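Here you go, one structure.
Just so it is clear, A, B and C label the chains in written order, and each chain counts residues from 1 on its own.
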Amino acid sequence: MNVVVAIKKVVDTSEAADVVEVDAAGKDISKAGLVSRLNDWDGYALEEGLRWREKLGGTATALTVGPRDWDDVLRTALAMGADAAVRVDEDAASMDCRSVARILATAIGKLPHDLVLFGAQSEDFGSAQLGPMVAQMLGLPHATLVVGLDVNDDRVHVSREIEGGARELYTLTLPALLTIQTGLNRPRYVSFSRIKRAREKEIGVTTLHELGLSSADLVPSVTLERLELTPAGRRAMLISGNPEEAAGALATLLKESGVI
Amino acid sequence: MSLADYRYRDLIHRCFRCGYCKFPTSYLDVNNCPAYARYRLESYSTGGRLWLIRAWLNDEMEWTDHLAEIVFSCATCKNCTEQCPLPFSQDIVNMIVAARCEMVERGLMPAAVQQFLENVQRHGNPYGAPRSKRAEWFQGTDVEQYDGQEYLYYVGCVGSYDTRARETARTLAHVLKRGGVSFGVLGDRESCDGNDVAKLGEEGLFESLAEENIEQFKELGVTKVVTLSPHAYNAMRNDYPSLNGTFEVFHYTQLLNELIKKGTLDLSRGFDARVTYHDPCFLGRWNGEYEAPRAALRAVPGIELVEMERSRADTLCCGGGGGNFYTDFLGGSEDSPARIRIRQARDSGAQVVAVACPNCMTMLEDAAKAERLDESLSIRDVSEIVASALE
Amino acid sequence: MGDILVVAEHRGGQLAAVSLEMLSKGRELANHCGGQVAAVVIGKDADRYARRLAQHADTVVVVDHHGLEDSPAEPSQRVLSSIVSERKPKLVLMGHTSFAMDLAPALAVELGAALATDCLDVSARDGVFRVTTAPYNGKVRAVYAFAPSDIIIVTGRAGSFPVEQAQGQGDIEVLEYDVEQDGQRKVFEGYVEPEASDVDIAQAKVVVSVGRGIKDSDKLELAEELASALGGVVACSRPIVDYGWLPAGRQVGQSGKTVTPKLYVALGISGAFQHVVGLTGAKMIVAVNKDPHAPIFGVADYGIVGDLFEVVPALTQKVRELKA
């Protein structure tokens, strides 16, 4: 079975919350001093794709659309065990999702694919649009927010997460596209020596031109006008003081309002 | 991998589980190996672990999360090395580390270890904190960036990020200044020293960290390094030379002791307390330095230095070694080594426990709170005691 | 400015609250810029929701679809694509739900429509539609503008748009679509309902909830102690369940439970919308987080910016003292 996993690189803001700033152009956050890495959701998608490839044979290809310094997330994928890595050499940061989906769909169309996996969303803009868009462009059945899957001959049984802790079950005929939710596996640790060995491996680089795409195929339908920091504590009354004092003041407030 | 490829294949079968690693003197004293003290199961002692490792390498048992947790719960404190009567005693902890290397290479490890290593890979520290915050601890002080001073003051991850350890890092900087030492720090250019990364079995990452540090030290013209943490001291003194990084490395207690001997620190204000000193494993057993911190404490007027029943080569680890200060496989019980240790400190009659390692500091402070001994027993770093005594 | 079409969702005989929110927003936009508001509801016996929807909408289109009880994305996409192609609304609104996440991007591609997802606001001024989203887990706000010519599809975040009182009586049209599943390439097999949990967080009066900021499963004790001092239970955000530190039944949020306690304490929870959407029924929300920009402070009543490992033990202590 041939698996393609679409991945992206994001800046890690999980621990750096209080140092996030908007950049001078007002179109993205300032990435200086922040570490970039594989999108969290994509790690789960890669792990799942690799497990099925290891079980059923075939190839696993990691795919991204990004500038040259995105090669490192492809190398992570290779170090995890992907057989091949392809990068469409294009900085897609300012493109809308439909254009990026168009590029990915074209690239996936040229790769052997029985199972196409995406992370359910990205950690940065998190719009969760790419997977289903690509599925529609390629005419593949799809399911999003997948928290369990089982490949069986030419079918994949999936469990997708819906509201309130419930799940929806579907059976899709391969080739199919799934977007993967966190938590359905534990992405493997990639040791430094594996990463080093992956540096020797080749990354297939292709261009929009080679894919037969031109700017006419990539007309944006929605444009980012500006980005601004979320105002701090817009609603909450913030209690100040050292931990002891703040805790004391809060406990008193809770008592006064009758909740304790 | 099979046993045939294992680095210690010719040695590991020679442990016949005599039990000296857990009961060196008396069957009544279970508190020798920190992991054994915590779990009281043979599998958590070094001998038991070696048998399990051998079985795993021989395909006689499956890898499981539980096996991994047992293998990674060793604090690499080397107490067993001291107690083991067999000729390969110096290698028994290395045998465990070598098994961890195998697990890491195959991506088989407890989640907490994975998180530790991923954080170090990405951020250069186990907390996953941004590199930019590595310089926060000395903001607003007169500590300078390293620029050709005599010493590089290497603070390490715990000293740079942990709230309590930052205080110690600042206090030590203050004491060094008062002692007229010419030093600078790397601030946000500093990265993990890799000691615990190596002990967790990530050799490739350790080498990469060490090589980057060595390259940076050389570029900056560093010849002498003074470390806050015994962990960094151990890596830089024992492991960096084989990677072409030979520097004069000091643990800060050694430097303080020299300054005191030379009389450059005036300690006449004194420190009136009964103090006991807790040996950090990576200063004591790993590097044989038991005397410098004690000499520094003895030099402070007013200190009555008392020893715990277990001290020097026989000390009980706080349980924070080998990455356990972060992964915490030994916590959560009154049999946690830090809590046993703090009770031993109480029994010595001391009012203050002097520590010389930021990991021990946080482990023992938490343990003192858990034991409700934090009012009668305070945990102070040797540098903090010296600072209080400065006139 | 053209008409607005709102896609209403339902499951288990319940109309989704977010559908009424989006309908209210649609009504507001239409009042402001002109145009009609239509609501579409798809599924077997979907007519039971028609009158409720007609209070807000000028027209309600009921697609009584015999294949399925509820409204999974497949085959709603084909129904909607044919309705949108026929009626040509300018704007299609739906909640940003698991249903819409499956459906909206595929529908947008099929129709050649422009799409924005997970929006906190939608506006129309001088012929330009704009939306606001919350990228980077809510740390920033982004404003997007749509090109004027396209059909626009917007999915809106639950809880972002208040439901207005409305007493309208729109027309109700019932359409019969008897759609086969798509060549059997995607077959709906049914639902799995959540397992009963050890502790029922949905009924608890006090909920102490932990997020990624707790760092370590052993530190859950801090939350347990605070919960016990407050007489409540411990719940969590999604990562804690992903890590396996608490069972899925303790999760609050979109894919977890909705809670309605008199006090909700959020410890080390940044306040991603997927979490916050589960606590709209909480009477009082208190948050402890080291990041003053954490979105949780946007929904909390009281907040402490600080290290939870220091604040929580102190708070537990003070609560015990005050209760004693």
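Operating definition for what follows: a residue touches a chain if its C-beta (ideal position, glycine included) is under 8 Å from a C-beta of that chain, and two chains touch if they have at least 3 such contacts.
Computed from a prediction, not measured in an experiment: that's the story for all the values here.
A.B. asks: Should the pattern of chain-chain touching be classed as line, ring, star, complete or other?
C.D. replies: Per interface graph, the chains form a complete graph.
A.B. asks: Any chance you could check whether A-B or A-C wins on number of contacting C-beta pairs?
C.D. replies: A-C is joined by more C-beta pairs in contact.
A.B. asks: Quick one: report the Å distance separating subunit B from subunit C, using the average Cα coordinate of each chain.
C.D. replies: 48
A.B. asks: How many Å are there between the centre of subunit A and the centre of subunit B, using C-alpha atoms for each centre?
C.D. replies: Roughly 38 Å separates the two chain centres.
A.B. asks: Averaging only over C-alpha atoms, locate the centres of subunit A and subunit C and give their separation in whole Å.
C.D. replies: 21
A.B. asks: Multi-chain contacts in subunit A: which residues touch at least two other chains?
C.D. replies: If we look for residues of subunit A contacting two or more partner chains, we find 14.
A.B. asks: Could you pull out the residues of subunit C that touch at least 2 other chains?
C.D. replies: 307, 310
A.B. asks: Which residue numbers or ranges of subunit B touch two or more of the other chains?
C.D. replies: 111
A.B. asks: With touch defined as at the start, can you tell me which subunit A residues reach subunit C in the complex?
C.D. replies: Per the stated touch rule, the residues are 13-14, 17-18, 20, 22, 29, 97-98, 101, 120, 123-133, 135-137, 141-145, 157, 159-173, 176, 182-183, 220-239, 243-244, 246-248, 250-255, 257, 259-260.
A.B. asks: Please name which positions on subunit C make contact with subunit A in the complex.
C.D. replies: Residue list for subunit C touching subunit A: 11, 16, 72, 74, 97-99, 101-106, 108-110, 113-118, 130, 133-147, 150, 182, 184-194, 206, 212, 230-231, 238-239, 241-242, 248-249, 251, 254-258, 262-263, 270, 283-287, 290-307, 310-312, 314-315, 317-319, 321-323.
A.B. asks: Which bits of subunit B are touching subunit A when the two form their complex?
C.D. replies: Touching subunit A: residues 104-105, 107, 109, 111, 114, 117-118, 121-123, 127-133, 202-205, 207-208 of subunit B.
A.B. asks: For subunit C, which residues count as touching subunit B in their complex?
C.D. replies: Residues 216, 218, 221, 243-244, 307, 310.
A.B. asks: Over in the complex, which subunit B residues touch subunit C? Could you list them?
C.D. replies: The touching residues are 111-112, 163, 328, 331-332.
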